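Here come two complexes built around subunit A, the first alongside subunit B, the second alongside subunit C.
Let's look at the complex of A and B:
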């Protein structure tokens, strides 16, 4: 895979290594047919292309079939009217399912929720993670302990987190409502109220993932030399200005990589919502494309419709990952 | 512009239960517009001293006075100082222009167009006008160095603090920047405290040198005073390359007795040394003379061990017979001398230094031949 990428990159950037013009070419007997094929493959993809085949070809084929093949098959199904227990009819392909999805108010609201979840969750998690990272980086006592504590929720499975927050958000005995009650607020029906449930989910997910954002930022902060902090201070910047103008802008790389991972997690928030209610129907007001897709396919047996939603979700994920991959590729990190 | 005074400045680091004294009772007064070079071997506390002045390190005891303010407790951003770091510490995400404007924007209320003007003026002074819209990573080491200096100069602070600013440059660029920095400082007239471990920089750049060792101030004086009239054995050995020859000797009525040789003392030096028992005799390599014939008690037969020809001069390592003691001499580059040759070395009595064997204090320093020339500062 690397070889192919390298070849592609070389072709895109036109920086073929040139020889010094003085190399000695061996006189060899004219090669046989197999050798010629090998040579041509070698010329095209790098000299060890054929030799490395056994190592990457099996995974390449399996990935190709089960991941990319499945995506293509899914795309095909989304173009049919496949429904119920009959076999799909591949002769009549159209975009009817997509047209239906665009006018379906539940799909539209699921898309809006997906976007809200994506944006709010990513921003909140990055902000909290950055805050924690800056605090932990200030050479506090028990630094490692705090780092572990903050990272711990990340190691929990979605199912555990969901169950945990289900208790936290419990209307009568939940810790959140009890705490709010102390200051004279609430109780709030966190999971039953349509206008707050999405934010409750965002908060729970943020609780789980801000530790991850913290670790990414911490690595970024550690890479910034101490002199930058000192130079900014001597230059007259207050602590806040120092972070805002000198330190945080240098964390651009960390922000990009952390937000890509977080956004992809946000799109996959299905597990969390599924575990929250142990079923395909999340609390009203928190339906996202992922849950809608599974519900259409497995509860309602609208296979083609579910596939169409899946493709839409896939396109969204691609639109996040794609620019990131291009960015990394340009910087030569792929 | 203001004078900077360090008064009994002390810094103690806590390392677990141990106390490490990094800077011990250092007092120096730096006049307005003066260029003071703080020099010493690594770990001598020179950087810590500088960082205390910058406010990046807290002061354990003592006082730092800038003009008529005591700035011990001031935050670095309120001290009106500019610092040049060894690694330059340019902000990589900002252009050169933004790097240079940052300090003015943060420390003053100056309007944008004035900031712009000052940055451009300073860039012109430093010869980096063409680089203003580039980023630090696109610049060479020498250019980055200029930007780092420009960033300090544009602030027009009371004091410049420089922490080994030239040590990341190659030898040629370093000597070029040395001259340039000196000229700049003279033109701007800003009080400057310059930390280095390089004694060439100390000798050539400073109005005065402060020599530190083990956190203690050894001597503050003009470069030539440090060279010719060192306060103690450490200063004598630190300043000068190749460094001074030292011989551990015993004082006996009118002469010094060592493993390798005996050295009769003239009456005047005898008086200064009398009372001490263990002493160290010091002689600069360039003061050692190679003579043809033995003539008097200050000439000693030696064998040439190694010759290092430098072109303009030779560094010759001479061995006293039957001992491990070596005498280093620098001789004229034209002098033909070969290894294993037997020669006679003269240690002239007017060029010797005598230090106390236990405290290292200078008991006697060489007579400075020409007072006029020697006492002129290096400016």
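Let's look at the complex of A and C:
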């Protein structure tokens, strides 16, 4: 360690004007107006503030423009009547689009579907992921192989997995109906029946992301000291009880971070639904706000209406992320 | 005697639970692999004959075997593979590098945490934004306020198809929406890094820039692997931005996901073998990356 420090120090103090000529002039005190401003900023924000600006400012400018600027702009567009090929008129702002959205039955049912998808998908994926993590954590052989295969679907695009599941759910020749036929059930028109299609989508998404939940839980399980397992064993708790009473409560952090990420994936399920049908209109009964928004804006050219739906979706996301950020802040992670 | 019997029963119950454990693990593995396996065998079948007269997860019999779907899919998607690579690779590298710089400025540089926290909250929130909330402004921005196709007219004069402006727009867009996650990934790495070296270098009068180049950057290699793999997978797999910025799959600049989303769709129904072959071709780069760097990918998604 000391040796490394010494070499690093030597490399740093070694003057090399060809690669780093700028620092010498920068370090020299120049009692000008800029220096005074720098000192004031340094007092206010901390010694490295001005010097660190070039590092983080580009990222914040990009984010300020494309993320936060765009959201504010989107809010503004949602207050106009912008549609079709004309230019938006920013002088006449009202909440008409929101009033229209709240009375539009297709927006209401899309909101309900979004909510159902979000909750069902997150809970199911967390449960399966936790189960898998517990199985994988039991000192098994070929652990890496199992883990790699369980996580594999997550490396695939929604566009790709939609193709696989379109075939799995095929009415006549799909694997799902053939397997159900073996035990005397079905066939079910998974993507055509309005009352089952959403659950079919939830199952496909769960297939794709349970490996992710497993990886997060596995990291959480590995962080629990082995004494906790042993103490529970000594107390005579059964394995099931031990996990339920001792281990699962300690996985709260993993559960929170995994569910936030999963919910956000569920809000992005647009790619999957679009690819299932190669179009803007997903199978009846599985329309969510994400698909409704893109359809209104890019297919029907109701830009302002689409923006209003997008703001509703954003509010939904914010109600998940907001508490998460507060939680992280309280734990000192920000 | 009784002891030996007890031992034997304990042993067999242990064995039984191990057998059940491996049984469960294998069953889950089968469930995970079935859609992929069914897709793979189907891609080698003729349609409609092959798909309707063989089981979906059984390999094709010789009479229904064909490679024509793969060559057709390759024909349709080849252009898209090149287009996707044209923006996915630079966007991955640029966003990873920007993220590393920003994370460094927000962790190792000494300024007041009170002011860092709100900035970090903005970065973390930036990861979780549903992209629908920025879509309409984004397409307005590229169409009206930053008309790249007008600015780059000298390129189109050279004979490059002006649809390729979509690739450039996708590149910049993916960088902008990729930097938050890159920053957060690098931040978690830099936060846990020992600060001894950096502090002593700073005391010796090294500038932040010098510390970054001589200490931080060389030590970041493992994290760069994680971030590059994660970002590449995300950008390659995206459909939404491609759909909004390039819009039609017939465009010469269409990315592979956009072409795949509409492949094999006709009046007679869906050509499943063609779609499956297309799905595998489109997934090939991310699958290759995953097989080679599975560990890094797992690390990227876990944090």
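As a convention for this text, the second predicted complex is superposed on the first by the 302 of 334 C-alpha atoms of A that agree within 3 Å, B and C clash if a C-alpha of one lies under 4 Å from a C-alpha of the other, contacts with A are read in each partner's own complex, and residues count from 1 in each chain.
Note that a contact is a pair of C-beta atoms (placed from the backbone, for glycine too) under 8 Å apart; a residue touches a chain by one contact, two chains touch by 3 or more.
For clarity, every value in this text was computed on a predicted model and none was experimentally measured.
Asks: Once the two structures are overlaid on subunit A, check if subunit B and subunit C clash or fit side by side.
Replies: Aligned on subunit A, subunit C fits beside subunit B.
Asks: Just to be sure I read the superposition right, which of the two partners does A:63 touch: subunit B = first, subunit C = second, or both, or neither?
Replies: The second partner, subunit C, only.
Asks: When the two structures are overlaid on chain A, which partner does A:148 contact: first (subunit B), second (subunit C), both, or neither?
Replies: second
Asks: For A:164, select first, second, both or neither according to whether it touches subunit B, subunit C, the two together, or no partner.
Replies: So A:164 only meets subunit C here.
Asks: Looking at subunit A, does subunit B or subunit C touch a larger number of its residues?
Replies: C
Asks: For A:127, decide between first (touching subunit B), second (touching subunit C), both and neither.
Replies: neither
Asks: Would you sort A:93 into first (subunit B), second (subunit C), both or neither based on which partner it touches?
Replies: neither
Asks: Once the structures are superposed on A, label A:241 by its partner contacts, choosing first (subunit B), second (subunit C), both or neither.
Replies: first
Asks: In the overlay, answer first, second, both or neither for which of subunit B and subunit C A:249 touches.
Replies: Only subunit B is touched by A:249; subunit C is not.
Asks: First (subunit B), second (subunit C), both or neither: which does A:207 touch?
Replies: second
Asks: Closest pair of CA atoms, one in subunit B and one in subunit C, after superposing: how far apart in Å?
Replies: 6
Asks: Shared contact residues on subunit A, subunit B side and subunit C side combined as an intersection?
Replies: On subunit A, the subunit B and subunit C contacts do not overlap at all.
Asks: Considering the complex alone, what residue numbers of subunit A touch subunit B?
Replies: Contact set of subunit A toward subunit B: 225, 227-228, 230-238, 241, 245-246, 249-250, 252.
Asks: What does subunit C use to touch subunit A in their complex?
Replies: Answer in residue numbers: 21-22, 24-25, 28-29, 31-36, 38-39, 42, 51-52, 55-57, 98-99, 101-102, 104-106, 109-112, 115-117, 119-138, 140-141, 173, 175-177, 179-180, 183, 196-197, 200-201, 204-212, 214-215, 233, 236-240, 243-244, 247, 257, 260-262, 265, 270, 272, 275-276, 278-280, 282-283, 286-287, 289-290, 294, 297-298, 301-302.
Asks: Give the list of subunit A residues in touch with subunit C in this complex.
Replies: 4-5, 8-9, 11-13, 20, 22-23, 26-27, 45-49, 51-56, 58-60, 62-63, 65-71, 73-74, 77, 88, 132, 135-136, 138, 140, 144, 146-168, 170, 172-175, 178, 207, 211-212, 215-216, 219, 260, 264, 267-268, 270-271, 274-275, 278, 289-290, 293-294, 297-298, 303, 306-307, 309-311, 313-314, 316-317, 320-321, 325, 328-329, 334
Asks: Which part of subunit B faces subunit A closely enough to touch in the complex?
Replies: Counting only subunit B, the residues touching subunit A are 54-56, 75-79, 81-83, 85, 87, 89, 91-94, 102-103, 106-108, 151, 155, 161.
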